[in-house]
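Have a look at this one.
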Amino acid sequence: MKYFAQSLLKTIPVLFLITLIVFILVRVTGDPVSLMISETATDEERKALRESLGYNDPIYIQYFDYMGDLVKGDFGDSHRYETDALNLVIERLPATIELAIASMVIAIIMSVPLGILSAIKRNSFLDLFVTGGAVLGKAMPNFWLGIMLILFLAVNIEVFPVSGRGTFLHLVLPSIALGTGIAAEMTRLIRSSMLEILGQDFIRTARSKGLREAMVVNRHAFRNALIPVVTIMALQTSTLIGGTLITETVFAWPGIGQLLIQAVNLRDMAVVQAAVFIIAIFVILSNLTADLVYRLLDPRIKYD
Amino acid sequence: SGGESESEGSGDPEENSDSKRLVIANGTDIVSFDIHDHNNTSTEAVHVNMFNYLVRNDAEEGFVSDLAENWENIDENTWTFTLEEGVTFHNGEELTAEDVKYTLERVANDDTLLEYGSYQQIEEVEILNDYEFNIHTHESEPALLNRLSRLGSGILPKDYIESEGWDVFLEEPVGSGPYKLKEWRKDDQLVLEPFEDYFGEEPKWEEVVFRTIPEDSTRVSEVLTGGADIAVNIPPTDIERIEQEDGVSIVTSPSQRVMLFALRTQGDYPTADPKVREAIDLAIDKEAIVDSLLEGYGTPTRTRVTPGNVGANEDLYDTQVYDPEKAKELLAEAGYENGVNITLSAPNGRYLKDKESVELMQAMLEEVGITAELEMLEWSAFSTRYSDKDFEDVFFIAYGNSMFDASLALQRLTKEQAAGETDYDNPETEQLLQDAMSNMDPEERVEQYQKAQEIIAEDRPQIYLYQIDSIYGVNDRVDFTPKLSEMLYVDEITLK
Amino acid sequence: MENLTESMDAVPERKESLIKKMVYQLFKSKTGTIGLVIVIFVSLVAVFAPALAMHDPAETDAVNRLLPPFWLDGGSTEYLLGTDNLGRDVLSRIIYGSRVSLLVGISAVLLAGLIGIIFGLIAGYYGKTWDFIIMRTVDSFLAIPNILFMLIILAVLGPSLVTLILVLGGTTWVVYARMVRSETLSVKERDYVRSARAIGAKNFRIIVKYVLPNVISSFIVIATLNVASTIILEASLSFLGLGIQPPDVSWGLMLSDGREYIATSWWVATFPGLAITLTVLGVIFLGDWLRDVLDPKIKD
Amino acid sequence: MGEQLLDIQDLKVRFKTDDGYVSTVNGVTFHMEEGETLAIVGESGSGKSVTSLALMGILPPNGEVYDGNMTFEDKNLREISKKEYRKLRGNEMSMIFQEPMTALNPVFTIGFQLRESLMLHFNLSKDEAQKKGIEMLDLVGIPDSEKTMSRFPHQLSGGMRQRVMIAMALSCNPKLLIADEPTTALDVTIQSQILKLMRDLKIDSNTSILIITHDLGVVAEVADRVVVMYAGEVVEEAPVYELFENPKHPYTKGLMSSMPKVHEVVDDLYSIEGTVPNPSKMPAGCKFHPRCPLADEECTLVHPDLEYINESHAKRCIKV
Amino acid sequence: MAEINIENNRVEEEIILEVQNLKKHFEISKGFINKEVSTVRAVDGVDFEVFKGETLGIVGESGCGKSTTGQLVLGLLEPTEGKIYFQDNEISALNQKELRAARRNLQVIFQDPYSSLNPRMTVEDIIGEPLVVHKLASGKELRKKVLRLMNLVGLQEHQMKRYPHEFSGGQRQRIGIARALALEPKVIVCDEAVSALDVSIQAQILNLLKKLQRQLDLTYIFIAHGLPAVRHISNRIGVMYLGRMVELADRNAIFEKPLHPYTYALLDSVPIPDPKLRKESQVIEGEIPNPSNPPSGCHFHPRCPFANDVCKNEVPEYREIFDGHYVACHYPLTDHETQVISTEKEKS
């Protein structure tokens, strides 16, 4: 577990850098005063508001103030909702995580069998078909796919609800829309990973024992092929969360993505900062988890 | 859509036809329950079901009573009101003149509130007794009733707020309206339930759900599948689709929104030349834009004060000047035989078909020799530039008018407010506007405004293009007549 | 046994140059051929757009709005693939859109690649503190989804073609930095790098002549694939209103604008979608082929 | 020696590559008897491994046997069903590979991998298989066998892994053990441990061993009979003493004399000029002729047959 | 046993390279919080000298530190301790620039002909690179020199523009040799230079190396684990075990009269390509221990048939027993003991 502690320690500079990056990004974004104040406000009123928000201080002072608060867990208040920004984000977190996990599950369900099949039936018609499908899945922007899914599966044949969050059925379409791109990526990855593993000596050993081909593939090859896939999958979390920005909008899914887009549009900096920070932590955590899984799958790597 | 208990979503629009649950799909969530700190029509459209105004402005009938039983203008600067008795808030407290004083004086005095500008005219609310009070204005204020019947005019529970604090109020708002808040899941749905002790007519719906669905096509799909009874802001493109589907139809209404160009009338902008401004006006075929992009759901106008507003000049409504040949001549006269370049700034994604309209108009301008360089801005960037008065020659914007009065519509063209933006300065207009501002003679005041509109239509500090209609997709099980104000009084929506 | 020179007769006859190998591999790989043909085709379209397009892509025609493609009822051969909501010719817009889409895709990847390669080489070759600083920065960037990054930056700077490229490049470089670093770490341990040091070559020379060329092929492969991702990313940004702004036109913009018409006038969005798919397909095939060509292990 | 166990006649194997079919084994003929150790020697790429893989029926997907016959006991290996073949593999005939580092699956324990074939072929329960596995590890001289069962391959040294491989291969008492360069990757002291182990096993269990190597030292150490391969063909076959005493084929001769000897120092080594031909560009006639000191015009035209000069010694050369 | 060719193995004794108490420890830090460092003692106190014009062979099993020693000598690694003198200059004391200059005289040929050539450079560039780096030639001159080098190692002119992957293993090794020769070095370290080659090619390269040594008066440090090849080419041979030199002597002395039990075991383990000499050899038990956790005392003691408590606890001194015959063993094999084992072998 020392390894885990070590990775956690390594994330400290990363988190620190993230706050810096986001802070700079958000501060160059200009000030939100004009969006916060009545149109008829005078220049003096604007100035006063700026002053009270601390925007007149030099930027590094602002950063230190901000970091000071942040250490206390205070991201400041959302000026749109006039409540604690962090709470707003955390309120939305479950919806986004739910969507992200469901999409990952869908991606896995789609990509694992297809990836394996196209690897063992290499260069067959099926392989070509799967590869083609994967390219198509990658080429489709997910808003487009989302809209199409709604049109066909919710409006035309009315199998799934159109949008919103609630029952299990509500989850299906958005996670397909979001998961497909990832599935496409993963299918190709699993395919090449499987191909590499299938050429390894220990596969030959397994065959020389007289194992059935299915056993050779599912037991001996797949477990090994998964190892690189897990790492890449973790790297995809970031893409996945990025994808929720769009998917949530299309499907009116009340998660962090929607909150963020609005926060950016309204220059609600506190919320943007809190959300980016939380997302970053989420991404880092999922990478750590992947690392752990990786270690579980691959006994060659020691824990200490 | 909604909560776990429902079974909608997979049904045809006709199904669940007599459910007493009304689902309305909005494009954006409400901003806040701080009724004074937003300037957002769709938020108010929800609020009106939870809060009551003193008076309501009904386009046809004029001002009708809501909380105020009657009212009277007793002198230039003073109005007296009598409240309905026995009105209670959702928490059981009675609504009295104290609450009115608290509410109105808050917004009239706190300059950080977004609605401050529209209420600062109020000097004081003087309590006579529990049910009677006087409103004193700083100056004579002919449009006071208009002010009191618009955005942010709901009456708040003073005791509740003072004892619990604003933070609690924002989480658990309390009003006096027919519906009270059941649940608000941000960016998802806001659920209202009937308030049994409502002082007026008994609430009709068992539950009202306002859903937030930002993507237009998704909203359309929801109304098509019965996931929503009413969907607002239907893109004109989808009208035909909805009309063709059984069980749903399109309902439209003119709105208060007028699209316009604001132009620099001074300095070394080409638009400082009135001929160029006129040429721009003449170059644009508003009719064609309405017909094509809006599928006819809009009306060309030459004034911002459209019918239904006090002071409207109907001569300038539903009409356009369009004459590209003349535009060319004017440009030549202005010395731009070889064309002229202007910068046209516009928000992107803010208004119905904003980008397309601007692209189309850019093409029309090009026809007569005006090369418009487009500067499409995302809304907050646009609004920063807007409040900094930082645009070049021309910018494109839509104005609404929650006051239903010409004063708000024309205010921006007074010398003081126009400075830095259009820099419009016509002493005659200025005089008319200033006079009308405090003229307590309604008829004369209307005349002044109408005259001003005529002058403005010729001076063109702003070129009015067209008024856009609100388009709703409505499930046939409900009867819904949209309002000019775009307010969604759910009890006026009925089951068929 | 002094006849060493003669003993070399069995030299296998091999292809003389990389170019020959490329051509050779190309004809061996069907998908590679398809990919190359598609990419060349799209590039030619982009280069000769003004000559190919029948209409000005911005030219509106209020009368002929939303005309279907010519083979459908109501279609016109004037507008082969129909017109959009402003009566603009879809085909001409696709032709012109290729310019921006390719320009954005390629320049952003080049920019990101340049930054990524430099930082990746430094981190991998020099290690230690450099590595720590660069890799923690990379981690930080990776922890922020790049569309989010872009959302924030573009909202501020305003989406112009140049900012779009800068932002796309400035946020995706980390992918390359990571990859180049790990490749560098492994190349650094190869004997040919050791022997370069043994002959007295300076670090800079080793990086440029030994490490870089051996890292670049993986880079090219990934970069090719990322051209595809970037084209798609641009579409997503358009959806958020932060992509290319009119009067410029890109496929992403067309797709995003056209989404409103999917149910009523499918062609407005479908054709740019097909253009994206086709290009992405071509680019991915090309990337796979390049992987083979650039891999010295795969002999001919 | 006993009954004939294996007979391979004119085996030909080809691979489908991007350039079309490449034939890498071009008519390999040899036989094995029960209890016998046969060594195949030859340079890298001469087709030794491919021959053994073909025999085991585990050629890579792009490879196929396209001619010749393989008879194991009384079964024609080219005709039996996949299922029957699977039953033979790991049971009647088993194999160990050159690279002990990669031949074991890194993600499963030694125990798992040992039990697998026992449970498969003998229908043993997990516990029984475990017991048998421990026995096997003891047999191949692994100390602490019980603990080793729960280790992963990477936790063992190369020599240990190779022992595990041998234990695995022997666990079902195969009649034929194919060892493809079992010691090439190991250090000399470990190599001699493994060779000793194999010698002992042969004596104990009467298993036939087909050992593949390019090290003539190893051949001299363990083999009864030797097959020399060059460019996918058998060029010489002889009992081990005879081969070392009286090599016939020029390639065999060259091979013998190009090996530096430990106990003998010469100024210059004999060396066979040139390099092994590329399988896709085989020379016409005798495949060795470009490197052969005896070659003349005839050799470039005639492809010699494998002919027996006595009942056990065969060569493929027209010049000797 | 075959005849021993006792020829003039001892060359004119001019020391060209000297190594004193050379150590290289690799620190592998594991933890991040509790910095737990384990040390791999790859080279742990090695002394030897190399005479001008000779070949010093270094043998030993995998991981015993042969390559590390080679790289230290080349200045590619910083020694943890100890000194290396090349023609009386201390290598580890040189600065970067001087070191680069010194490398003109010290070159290396690596084991793996596949990974030791930059796959992106043509043969001409690879061989010419040292000359370019040291600005010794350019343009036509460079080409001429490259061509000469190629001829020297038996490569042909028409192969100049080819890439390494277009060559066979033996040819690649020739390219590597040509590159090493380009700077006309005095010493070449051959790190397993023939181990990866096919049997028939190995002989070609060994012959070439010998020929070049004669022609160019080169000094080799020849690292290998294949004993026959080492014997063939070396004048003197050093035997390493777990980071230490356990024996060093004239090649015949090593092969005929090994003093260290490990050397003996090593020699005994080499299979002899002659079935008549098939031996029931004394297999030494056990595996090579982990260099990060070596046994106490004499590193070899757990595998040594003669070990006792002294071996377990005391590190044997590395001493010169006979003239030029060094050994690190408490109980070097006397003639008698060698005899005993040898007779056993003869009997079988």
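Every chain is named by a letter (A, B, C, D and E) in the order it is written, and numbering of its residues begins at 1.
As a working rule, a contact is a pair of C-beta atoms (placed from the backbone, for glycine too) under 8 Å apart; a residue touches a chain by one contact, two chains touch by 3 or more.
In this text, all values refer to a predicted model and were calculated from it rather than measured experimentally.
Q: Can you give me the shortest step count from subunit A to subunit D, moving only between touching chains?
A: Graph distance in the chain contact network comes out at 1.
Q: When I count C-beta pairs in contact, which pair ends up with more: B-C or C-E?
A: C-E
Q: If you average the CA coordinates per chain, which chain's centre is most distant from that of subunit D?
A: Result for the farthest chain: B.
Q: So, what's the distance in Å between the C-alpha centres of subunit E and subunit B?
A: That gives a centre separation of 88 Å.
Q: Mind checking the centre-to-centre distance between subunit A and subunit C? Centres are C-alpha means, answer in whole Å.
A: Averaging C-alpha atoms per chain gives centres 23 Å apart.
Q: Quick check: how many Å separate the C-alpha centres of subunit A and subunit B?
A: Roughly 38 Å, centre to centre.
Q: Can you give the whole-Å distance between the Cα centres of subunit C and subunit D?
A: 49
Q: Quick check on subunit B: which residues sit in contact with 2+ other chains?
A: If we look for residues of subunit B contacting two or more partner chains, we find 217, 378, 380.
Q: Using the touch rule from the top of the page, what residues of subunit D touch 2 or more other chains?
A: If we look for residues of subunit D contacting two or more partner chains, we find 268-271, 273, 275.
Q: What are the residues of subunit E that contact at least two other chains?
A: 168, 171, 204, 207
Q: In the complex of these two chains, what residues of subunit D are touching subunit E?
A: Spelled out, the residues of subunit D in touch with subunit E are 43-44, 157, 159-160, 187-193, 195-196, 214-221, 223, 240-241, 244, 254-256, 258-273, 275-276.
Q: Show which residues of subunit C lie in contact with subunit E when the two form their complex.
A: 1-2, 4-5, 7-8, 10-12, 14-17, 190-192, 194-202, 205, 209-210, 213-214, 296-297, 299
Q: So in the complex, the part of subunit A that touches subunit D is made up of which residues?
A: Contacts found on subunit A: 122, 199-202, 204-212, 220, 223-224, 227, 297-300.
Q: So in the complex, which bits of subunit E are touching subunit C?
A: It comes out as residues 71, 74, 76, 99-101, 103-104, 106-108, 110-112, 115-121, 129-130, 133-134, 151, 153-156, 159, 161-168, 171, 176, 179-180, 182-183, 204, 207-208, 211.
Q: Which residues of subunit A touch subunit B in the complex?
A: Counting only subunit A, the residues touching subunit B are 30, 32, 34-35, 37-41, 45, 49, 80-83, 88, 91-92, 95, 147, 150-151, 154-155, 158-167, 169-170, 249-252, 254, 258-259, 262, 265-267.
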